[in-house]
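Okay, so here's the structure we're looking at.
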Amino acid sequence: MNAPRIAGRTKAAILLFVLFALVPAAATALDDPFFLVIATRILAFAIAAMALDLVLGYGAMVSFGHAAYLGFGAYAVAILTKLGISDIGLHLLAAIAFSALFAAITGAISLRTRGVYFIMITLAFAQMAYFFFVSISVLGGDDGTSLAQRSTLFGSDVLENDMAPFYAALALLVGFYALCSAIVGSRFGRVLQGTRENRLRMEAIGFSPFPYQLTAFVISGCITSVAGVLLANQAEFVSPAFMNWHRSGELIVMVVLGGVGTLTGPIGGAVVALLLEEWLAVFTEHWKLAFGLILVLVVLFSRGGVAGLIEKLKGPRT
Amino acid sequence: MTLLSVRDLRKSYGALKVTDELSMDVAEGELHAVIGPNGAGKTTLVAQLSGQSGSDAGQILYSGQDIMHLSMPERVQLGLARSFQITSVLPGFTVLENVALAVQARSGTSFRFFRPVAGQAVLNDAAMAALAEVELETRAGRLAAELSHGELRQLEIAIALATAPRLLLLDEPLAGTGGEESERLVGLLGRLKARMTIVLIEHDMQAVFALADRISVLVYGKIIATDTPAIIRQDAKVRAAYLGEEA
Amino acid sequence: MTNLFLLQLLNGAQFGILLFLIAGGLTLIFGIMDFINLAHGVLYMIGAYLMATFSLLTGSFGLGLVLAMAGSLAVGLALEFLVFRRLYDRSHLDQVLATFGLVLVANESVKLIWGASPLTVAMPELLAGSVPLIGPLQYPVYRLLIIAAGLLTALGLYLVINRTRIGMLLRAGASNRAMVSALGVNVSRMFTLVFAFGAMLAGFAGAIIAPILSVDTGMGESVLILTFVVIVIGGIGSIRGAFVAALLVGVVDTLGRTFGPILLRLVMDPAAASQAGRTLAPMLVYILMAVILFARPAGLFGRKPQ
């Protein structure tokens, strides 16, 4: 809204991108290839969290089913690879096309509802998709399936080494950040945020919220599916666990932890959440307990997540 | 020419008849005030006319077209705008942005994803014009949340104006304002009279009698009288039901 | 074939009754307190685990059941006091996050206390048999008892909500919380009451299903989302809606899983039918939900969104 605040977030985002760009060098210096693997995962989830922020932060639509799109992206890679189609362009196309369809249909039904209904319906639809993939035995059902190879780029297997997926993910993150920033600052973005602020007022000036919300929902789902393609490539393994409802919850955690409605915040949120998970897992196999406890405490005792804390530290608005 | 024609409008909440076979006509170009005691159903009437809530039965003809089944956004697109009795703005947006959005709603499509909206002159110029109309242009850069009550009432009208309405429904625009603020708003409404048709719901009798071309009196969900201010003042029924109570 | 149909119909009804016991309390919590609680399945799971422990300790099914219910109530009240109470005025988003965190904490805590392997609860001898119904059809006594218990609960809830003063206050509170508070009703005590009751019902459901299902940490999750579907189909805040929707969901799901593959075998080969059946059957309930919500976004008996 206010020019100085937007610039601040963009500066923070650029800082994060630069830090990410330094990771491969750091990984080589520390002689720790796992660092690169984890960073690639973080990048993919950052894309997904940012996409979710588009609907959750800017549109006030609490979608508890976004992990489904991660699954669609991942399974697009798995299914096409099994059929012998390995080109990443086609993987992305399939992922986005299917996600757009799913988002359009489920969004059209879900957006007729509000509040608690909306949250539960998005959860239910994602669960439906989860059960669908669990049931397909040729894809390994519950156990999932490993990929024979990573996606190919114009026929070359350049993605087979660990550097390339990392850079691809980083490039996509930067690209999607630019895209989402443009969307948020556009006419469309203004309508979306206006609807979040005061739906009745928007109707009273002649806007029917539904088409805009549905469009945002579809865009968000499509971007998230790209993250799914990245995750599948990074892990070389795809399973329904990519899209269980815990994942959807984790995505919301990342957005809120980082700061809703900021685009940059969710990127930070993904970093914090995933690093926290990794770090806690070192101590105990019951790391989820600590994670859950931290989550409860954070919600009870702080508002605005990391971005909110930073705002508080910066002092009152000038 | 009759711009708005309401015929036998009915709305009940359970056993309570809030709108009871209400009929009224609004001529194009006039400022038509609707007065009545509290609880008469004035806000419910505005809600039904604007499309915020449905009606149980009756007809609402706008420029000859039956708009009963049109949603609120659809009616706004036809030129039927409203302001709210309890201020309803976008608190996190600036004053200018609030009004610019209203301009945006009638300026081509909003399915534009790439050009920044903040600098679009076609929106900002029209928004500033509306703000100048209500004398709020100096506050254009402030967040709506920072405005005083009186300024918010001005903003309400500016937003409604920005939709370029043909018929403006004003729901108690003077509510909560006093003295200077009221006078300014009355002056504003007087200037707007010439350019559009206005239906003014108000309690402030001074303003009503100063501005209205015709007055309809709403009591218990029914219009009991419609006429010029001079005649309404003298009407025995009206005195008994409303004005008389105040004396 | 008719026998199979009747059998599965009854199984579907029993499953539906179970869902109702959980959904009934939750729909009130959603409707009256506008509180989205992802952790309700936890109470169902705790009920089952406590049943396993107490019935083993006391050697008695009945005593185990009572203690399990009391335990669930205690856990529910503790959670309400420690966590939920602070969330009533927060946004739905905050509620979702906090209760999601609680689910994680609860699942892991249960694994810590009881271990990760599933538990079994012995079915009491007295209730282990079957009774003849129609023709050669025999149906387990225990399942019939579950159905009976559920119907009694439904009746009781209906009477309380619609015929008592407390029920009237609850309905008023669901309609307009601020007004009820302004009238002098202690709203927070009302909330605690509603919550406690919902917790006890959920715990009861977990306890009585324990002898039939295997007791593990996944059980709360699998039932939770179906419970949400039930509430959404029935309409938030409506006991009647929860009852109808629960039976509908239970029957559709059970019959779908049994007869789906059978029907599909009429049009495709057994392997494909089996795969298609396994894929489509679990989806049936969600498709049902989608269809109903498309026609009525507030559910069958819910209030239209303002």
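Annotations for the structure displayed:
To keep things simple, chains are lettered A, B and C as they appear, and every chain counts its residues starting from 1.
In this text, a residue touches a chain if its C-beta (ideal position, glycine included) is under 8 Å from a C-beta of that chain, and two chains touch if they have at least 3 such contacts.
What you are looking at is a predicted structure, and each value in this text was computed from that prediction instead of being measured.
Looking at the partners of chain A and chain C together, they share no chain. In this assembly, the chain whose C-alpha centre lies farthest from chain A is B. Relative to the whole-protein C-alpha centroid, the nearest chain centroid is that of A.
Spacing of chain A relative to chain C, judged by their CA centroids, is 31 angstrom.
Here the CA centre of chain B is 49 Å from the CA centre of chain C. The distance from the centre of chain A to the centre of chain B, with each centre set as the mean of the Cα atoms, comes to 43 Å. Interface residues of chain A, counted against chain C in their complex, comprise 56, 62, 64, 106, 109, 112-117, 119-121, 123-125, 127-128, 131-132, 135-137, 245-246, 249, 252-253, 256, 260, 286, 288-289, 291-296, 299-300.
Note for the complex: chain A touches chain B at residues 1-3, 182-183, 185-191, 193-194, 197-198, 200-208, 211-212, 215. Looking at the complex, you find that chain B touches chain A at residues 50, 52, 71-74, 76-77, 81-82, 84, 88-94, 97, 101-102, 104-106, 109-118, 120, 143, 159, 162-163. Taken together, the chain C residues at the contact with chain A in this complex read 30, 34, 36, 38, 83, 86-87, 90, 92-94, 96-98, 100-109, 111-112, 221, 225, 228-229, 231-232, 236, 275, 278-279, 282-283, 286-287, 289-290, 293-294, 297-299, 305.
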